[in-house]
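Got some structures for you, see below.
In what comes next, chain A is part of two complexes: it sits with chain B in the first one and with chain C in the second one.
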Partner chain A sequence: MPIHEKSLIRPENLRVQENLELEGVDVSGHWSTFIESRVVSDYNEAIEDEIAALPGGEYIHRCWQCGSCTNACTVNAIDAEFNPRHWIYLVRIGLESELLRDKEIIWQCVSCNKCTYACPRDVNPEGVMKSIAHWLELKGHTAKSPAAHFDEVFAGQVFATGKIEEGRIIRGFFARTGQALRQEWLMVMARRMVRHLPLRMMFVMALGSVLQPKTQGWGRARAAIGEHVAEQKAREHKALGIAGQERS
Partner chain B sequence: MSTHKRQKTGYYPGCALEGTAHSYNRSTKALGKKLGLDLVEVKNWNCCGAMEVKNIDPKLQSYLSSRVLSIAANDMGLETVMAPCNGCYHNLKKAEYDIANDPATVETVEKLSNKAGHKAYSAEQVETIHALDWIKREIGEDGIRERLNNSLAGLKIANYYGCMYTRPRHIFPEKDQGGDSESTFKPHYMDGLLAAAGAEIVDYPLKTACCGGAHSLADSDISTKLVLNLLDAAEACGADVIATECPTCHSGLEMHQIRAETVFQRKTKPVIVYFTQLLGLALGIKPKQLGIHENISDSLPLLKERGLA
Partner chain C sequence: MSKPVLVVGGGPAGLAAAHGLASIGQSVVLVEKEDRLGGAPILSGYAKLIPSGEWAKDAIGAMVARTAEHELIECRLTSQVDAFSGEAGQFQARLSDGATIDAGAAILATGFSHFDSLNKPEWGFGTYDDVVTTVQVEQMISSGSGVRCPSDGRKPERVAILLCVGSRDRQIGREWCSKVCCTVSANLAMEIREELLDCNVYIYYMDIRTYGLYEDLYYWKSQEEFRVKYIKARIAEVTSDGERLIVKGEDTLVKRPITIPFDMVVHAIGMDPNIDNMKLGAIFDVALESHGHIARGSAYSAPATTSRAGLFVAGAACGPETIDDSISQGQAAAMAALAVVKQNQRGAA
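On to the complex of A and B.
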């Protein structure tokens, strides 16, 4: 690895003897640490092409591992395990088993685009994070992430009516992910929201969530988008060699 | 700038400004009216694709944004579209860039536009600008000083621009051009305008840091941490107010300031106000007309104490 901010040494492969004497010298504890050797043979060299076939992943081949993305990353500053450079490296050499060790956090990319801003090779690391997360779900390695559920609820409304209504999105997302709407912080927020509002205004807001906002004459656009999404899904499934059924 | 002939500016409020960011919509319109700037809303617009549609297919997002640009250009003959929402502004810019540079995007946009029954947008028909560009160009800092009615003197403001206003750099070719152009590394348009309105601008290091808005609900803990960084830094800089220019950032800051209080018992002081509301107050517009009472973050006590509301 050209950059050593993320180790490939697995903690479970470190061997330490509590009591060890070698040729009359006590080397107990960390003096006796050694790394159990392992040979990686389960490369999956198809991954890079598969990631590149998903939206956002197209330019992963340009990466030269400078690490600017990880250095700039918003999420990495909170969680050092979140490392875009490392995952791009693993995908490019086909180290699937290593990639899967981080499969539950890759979707957490917040799309701040700091990586894409910093990248000197126009890899679009933000897009690559989305395509890896998408790949993990399509291959069945992870369940659909909360972010993927949110995207689907949101995009579904845009595709159906041309516009979104935030209250409907929040209710749809919470219902889909099995979360209660009556969370304390949301209740506090709702109370503060109406604090200075006259009744008339609240009535208008309530009406907005009943009468769904729509773009007029959206029918043909809706049909065209529907076809496009179906074609796109078919292309993705073909590229990843998976059956065409929709996972939900 | 006052000598150039004013064209009507197309106005694309977007979904958030018709919902949770109603006060941003209201204050933007009130500001335009006060300053004599004509805004004509893009007819029958649709969602730009926000931050979600690109995760399904970026080309689809470009199509959605291009439909808005096409209506502005082909149905209304507009040359400029102004979007106050960073997400909308970013997506219209991204569509412009991709339609000018990526043949695959052009193909998708043309195919979907034909099927949907409207003219496809072609590159350079319309210029997309942000509400900050609009005020900066049409009125400018000197124009604000000339019209000052109620100086923001004594109000310490941290200006927060977020992610989508400056990143990635290549979709904003007019930025980083030296002189008075906007900087993607250290944006300054809001700083300049609010300083002209009399405010004391603090040197805020997290101007373009992320609030976690994309996962505000899907990954609330990360968003709360990111928002706490923003709030703590503003407080450490001595700011009373965080000024915003994006509905997602604004509601993210409001929501997670409350979530930090309720879930993590971390109370923070700065209040969150749209820059259009602050400029409006300085020009003598009534707080109600700027929708300040509609914000979740309650800035009225502070603004009253300073004689601004």
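On to the complex of A and C.
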């Protein structure tokens, strides 16, 4: 059957067979285009609880779909496909396949928190976006986002030393995300720093980069943080029903 | 000795009117067609009432007890008014038990009828055992038997509550909002979740009308504390795959058709005009409004009045009404009726 309304149908739902015969009838080619059913046939009731178990997602069940978050959203203003209200709904009702269609957009939240201030029910949509992105990662639906890599390098260094050393963070982040260290903008920045920064600051930075100083007596704090992070991860993995170590 | 006030109907409005009058020394004849007082909350076995959370049998039961034992109130059960004549100050009512009552004024507290879900056959009531009404769920809770699938007694794991069954539906001539069902459904959803921790409850709605203080106390609470899920969809039909019920409709927020399996489907049935209203209208020679409820005489200056002087109305007889507001209206009607009785007493003296 010819389909004149193809624009209304999701491209991935259109099926054309090169050679297919059904009960003696040839149904090959364009004139026999099939459409996959759009019908939602079940709810995945675990998703909402899983999102609520991740940091930021705790208040997702408060949402009543007013759209204040999407209206306030910085990213939505430049990409109409970015719709926090919609994703919150999909999670709440458990429409997993719909949610996964948008897995490459959800993590693009810039955490401006305009939605947080707009939300009349204190859902904390920004936190929910974070937890959905985290959920997608933990479930293996998406690779870690660049922001997640940066967070891990940054936090890893703080946990290890109690200090932040910018050069190492940049190097670690670039290594994790497969970026070359010699980048034009970075070279320009380095040259300007050499030219304009006070000598003493340059010296401290260089020393830090080489010696990798630690905060004095950091050992106990590091142990406590390590324990807390491990507990948190174990709790998240349990809530999501996934075993073992986090993927890296 | 003044003539008594005739109160027709022993539900919340009638009980409030009768007790209000008796408590200031006015005699009352209370006529109730059923064999006991209490009206819908008692006769239909409601569970916990909104907004106090008291059990119907305690809250309304107490109103029944104080009415039944009051010396100025004569309760005539299993009895109806067959004929009603006269005018304000001197009405005569002939009852079905043969008695004739002289009354100074009369109050219609004749209530409503629950919508009969058989009138919406596409939603499966009467076809599938596990399609029930909010009233039946109230009874499951109030009887202590718990919420169970009628077909085999199992605990449901997924329940759908369909709002606006018999309300806001031009197809079946019921254009009104029944006003209480959203709040009642939110409350029942919380009761179900409280009893059955593993049971998910979905409410299919067109609008949520938990008006006034019910907003956060019921709607928000059901979402925030009990994780009840609300889906904006008017269900097209309820069928079965032989094992579970299948609910079909469109999830309007994602613009996709849904066919979701459920263990139990609950119709949030609306409030119809009392099925006897045509008869009551004729017997009492009182006007009905366009939906078939008893028409109010005035919205503001003369509350509780009808088209007939000396005849008053209270509660769900004039439209969908909550229990607590019906009780307030019963008191208002009592005040209005008392004024008529006193006026005619002075006139006679």
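Going forward, the second predicted complex is superposed on the first by the 201 of 248 C-alpha atoms of A that agree within 3 Å, B and C clash if a C-alpha of one lies under 4 Å from a C-alpha of the other, contacts with A are read in each partner's own complex, and residues count from 1 in each chain.
Rule of thumb we're sticking to: a residue touches a chain if its C-beta (ideal position, glycine included) is under 8 Å from a C-beta of that chain, and two chains touch if they have at least 3 such contacts.
Remember, it's a predicted structure, so these values are computed and weren't measured experimentally.
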{"item": "Clash or fit (per the criteria above) of chain B with chain C on chain A", "value": "fit"}
{"item": "Which of chain B and chain C A:142 touches, first, second, both or neither", "value": "neither"}
{"item": "First (chain B), second (chain C), both or neither touched by A:55", "value": "first"}
{"item": "Which superposed partner A:71 touches (first chain B, second chain C, both, neither)", "value": "neither"}
{"item": "Contacts of A:17 with chain B and chain C, given as first, second, both or neither", "value": "neither"}
{"item": "Contacts of A:38 with chain B and chain C, given as first, second, both or neither", "value": "second"}
{"item": "Between chain B and chain C, more extensive residue contact with chain A", "value": "B"}
{"item": "Partner chain in contact with A:212 - chain B first, chain C second, else both or neither", "value": "neither"}
{"item": "Partner chain(s) touched by A:98 [first = chain B, second = chain C, both, neither]", "value": "second"}
{"item": "First (chain B), second (chain C), both or neither touched by A:110", "value": "first"}
{"item": "Distance in angstrom between the closest Cα atoms of chain C and chain B, superposition on A", "value": "17"}
{"item": "Residue numbers on chain C that touch chain A, as the complex places them", "value": "158, 200, 202, 208, 219-220, 223-224, 227, 229-232, 251, 253-254, 256-261"}
{"item": "Residues on chain A engaged by chain C in the complex (per definition of touch)", "value": "38-43, 45, 48, 59, 61-65, 86, 89-90, 92-93, 95, 98, 121"}
{"item": "Touching residues (chain side chain A, partner chain B) in the complex", "value": "55-56, 74-75, 78, 108, 110-114, 116-117, 127, 130, 134, 145-151, 154-155, 158, 162-167, 170, 173-174, 184-185, 188-189, 192-193, 195-197, 201, 208, 213, 215-218, 220-221, 223-225, 227-229, 232"}
{"item": "Touching residues (chain side chain B, partner chain A) in the complex", "value": "15-16, 18-20, 44-47, 49-60, 63-64, 67, 108, 111-112, 115-117, 163-164, 166-169, 184, 209-210, 212-215, 217-219, 222-223, 225-226, 254-255, 258-259, 261-263, 293-294, 296, 298, 300"}
